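Shared between the two complexes below is chain A, which pairs with chain B and chain C, respectively.
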Partner chain A sequence: MNGFGPVLRSLSDRLDLPQPARSRVLIEVAADLADLEAAFLERGDSPEVARARAIERLDLSDDAIRELIRVHGSPLRRGLDRLGERGRRRWEKIAIAALLIFLLLGTRALLPSHRLVVDAGRGIWVVLAVAIPGLLLAISKAYLLWGRDEHDPPRLRRGLDTILALGGLTAATGFTLWWLGLREAARDSAVSPELAIAHLLDWLTRGSATVVLSLQLAILLGISWLVLAGRTARVERGEAELLLLEQAETTKGG
Partner chain B sequence: MADRIVEPQELSRSCNELLVMAAIARGAGHGYQLALDVEERSDGAFRFNHGTLYPILHRLEERGLVAGAWSDDSSGGRRRKSYALTRKGEKHLVTERKAWGEFFNRFWPMVEVGR
Partner chain C sequence: MGIFREMGFYFWPLLLIAIAVIGLTLKSAVRLQRARPEDSAQIEHSINAVLFWGCVAAVVGVLGQFHGIYQALKAISVAKAVAPPIIWGGLAVSFSSTLVGLAILLVAALAWAALRGGLHRRERRVRTD
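Up next is the complex of A and B:
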């Protein structure tokens, strides 16, 4: 805890940025102010002087604030961030509901005895090899967020985007196997033209099953990422708010 | 010959970005370390207020020249953001050094008097 409450509060008021961008800037500034204060203390300044000098070195001018707002104001980022707290919560709830419905409906399709998995053949193992690390990562993040109530943003953020990347890779793997299957079918048809229709039908059955399963897993990973990223952003914002609150109380107390 | 020459209208911005990127390349990672590195190496000739530093860092990050990563500070329990050059940033730094070299090669003859 330190005594930069008024500075951070003022910065928070002037920084017209949507969340969580504003919280991230505040957390970064708070850490640097603490570093500066510690450095001035080490050089022999009294705590009051060290704090005042740290604030002086911060000097976030109106131009600097404008530039920060411009940098963080890309259309995509603004579009996502400007959902607002209520909107974000609503989307989070919708995403969780979609995830549950998807799991309920999708469980049958994902069971090994189900036709789709059987039809997909050995290709499913390749798809699963890509998707399972993503699912395990998503489960571990969900456990951290809801099971252990973790409030450490760096720990929560670490590897989060890997879930999305693995989702994309899972879908890409499904499509690649689909094309490889077509190539195989074409080659087999060339060797035995009388069985061309059978080869093509076999490819259609196996290939479509592989693509459908890989897309299901990719959607599952995508929705998981959406829910986890939304929750993590709220934890980050809560962290910054706590920082401001702590410091406001310190100021009152001091 | 450099690939590009620094334009007079971008002197301040380009100079600040180059100073920050060079400090990051030397290993300074956090905002405070970056400001200190630049100030100490230049004997106080170049001094960044943190207010100036954040827009530069965030702009470089937006352009993909540096990558910011959050880390824990075990001693103070505070989260801090540290920066590292990306591959694109390393290449950009080389280009900018050359551009500034070329700029000074052309600039000094222009301001010399009495020859």
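Up next is the complex of A and C:
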């Protein structure tokens, strides 16, 4: 029990933010209050005085709350939160899973294909250099959420959006390599016009293999982010509800 | 119907996404008319789903195009000689899935903008009442 329930309830009522941003702010403020209380306790204050001084020290004025809303309600943050909510409904989970199965079946000949990687040429290493950190990050977050049943929202949230950013970057890298390949093919064709068709076909083969691989990895990272963000938002909501529930119990007990 | 045949396997996920976009648009429009003011968050969730699935259609369409090009070129590389018209014709066909994916995104984006406009007007009306 953190003992800051009344302050958090009052903050929750004043926060004009949608979920999960509201839960995130409450958890952050609760953590800041707990840190301040610990600091005052260390200095020798009694628990009651330390708690009161922590509340007093943490600025929860209207201006400070407006700033919190501005930071957590930025268009980018709201957009990401809305996107992260996509996998919440059962039909959406089924639709995303169906799409993934469809794509896996459709590209099954390509997925484990050594040929595809060879055809993509050197460019594939650049795509993998971008995608692999994202995949490792997704695996580590999945381990925290399901393997260790972690309930520390800031730790779960840290770096989560990087997975989506790396997914976008992976796709962008694939397309950049596609255009670079065209430039190379055009230069080679200028030197030897009689081989123009051969250069064009070579570029199309390498470029399309690179784009297919980069899109497959980007879709994988995007879906991983969607699943992880949905689960993290659920943990955040649960933790925030717990903090507010403690307030209700404190009030009842008092 | 030629464009749909040309898409091959990718016709099916794109068809399902198109049906989902139409269904979600109709569902959101009906909810917008009938829902109570406190249901705004749910309606917004449903409206945003229209745009999300439109974007998914575009990604699937682009993946379909590059997958098609790659497979066609692998087949061409096995053949001894291929006439340029066949290559250019094949390249033109490969754009089908991208075009259909982008068309679904365009329809979804227009529906999303119209529904969001409706939602904002409704919220303003509720506030002024």
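Everything that follows uses one rule, which is that the second predicted complex is superposed on the first by the 148 of 254 C-alpha atoms of A that agree within 3 Å, B and C clash if a C-alpha of one lies under 4 Å from a C-alpha of the other, contacts with A are read in each partner's own complex, and residues count from 1 in each chain.
Convention: a residue touches a chain if its C-beta (ideal position, glycine included) is under 8 Å from a C-beta of that chain, and two chains touch if they have at least 3 such contacts.
These figures come from a predicted structure and were not determined experimentally.
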Touched partner set for A:Ala95, first chain B, second chain C, both or neither: second
Touched partner set for A:Leu135, first chain B, second chain C, both or neither: neither
First, second, both or neither for A:Ala209, with chain B first and chain C second: second
First, second, both or neither for A:Leu26, with chain B first and chain C second: neither
Touched partner set for A:Ile197, first chain B, second chain C, both or neither: second
First, second, both or neither for A:Ile219, with chain B first and chain C second: second
Chain C-contacting residues of chain A that also contact chain B: none
Residues of chain A that touch chain C when the two form their complex: 18, 82-83, 85-86, 88-89, 92, 95, 98-99, 102-103, 106-107, 110, 115-116, 119, 197, 200-201, 204-205, 208-209, 211-212, 215-216, 218-219
Of chain C, residues touching chain A in the complex: 9-10, 12-13, 16-17, 20, 41, 45, 48-49, 52-53, 56, 59-60, 62-63, 66-67, 69-70, 73-74, 76-77, 84, 87, 91
For the chain B and chain A complex, residues of the former touching the latter: 30-33, 35-36, 49-52, 54-55, 58-59, 62, 70-73, 76, 78-81
Contacting residues of chain A [partner chain B, same complex]: 24-25, 27-36, 38-39, 57-61, 64, 67-68, 71-72, 74, 152-155, 157, 239
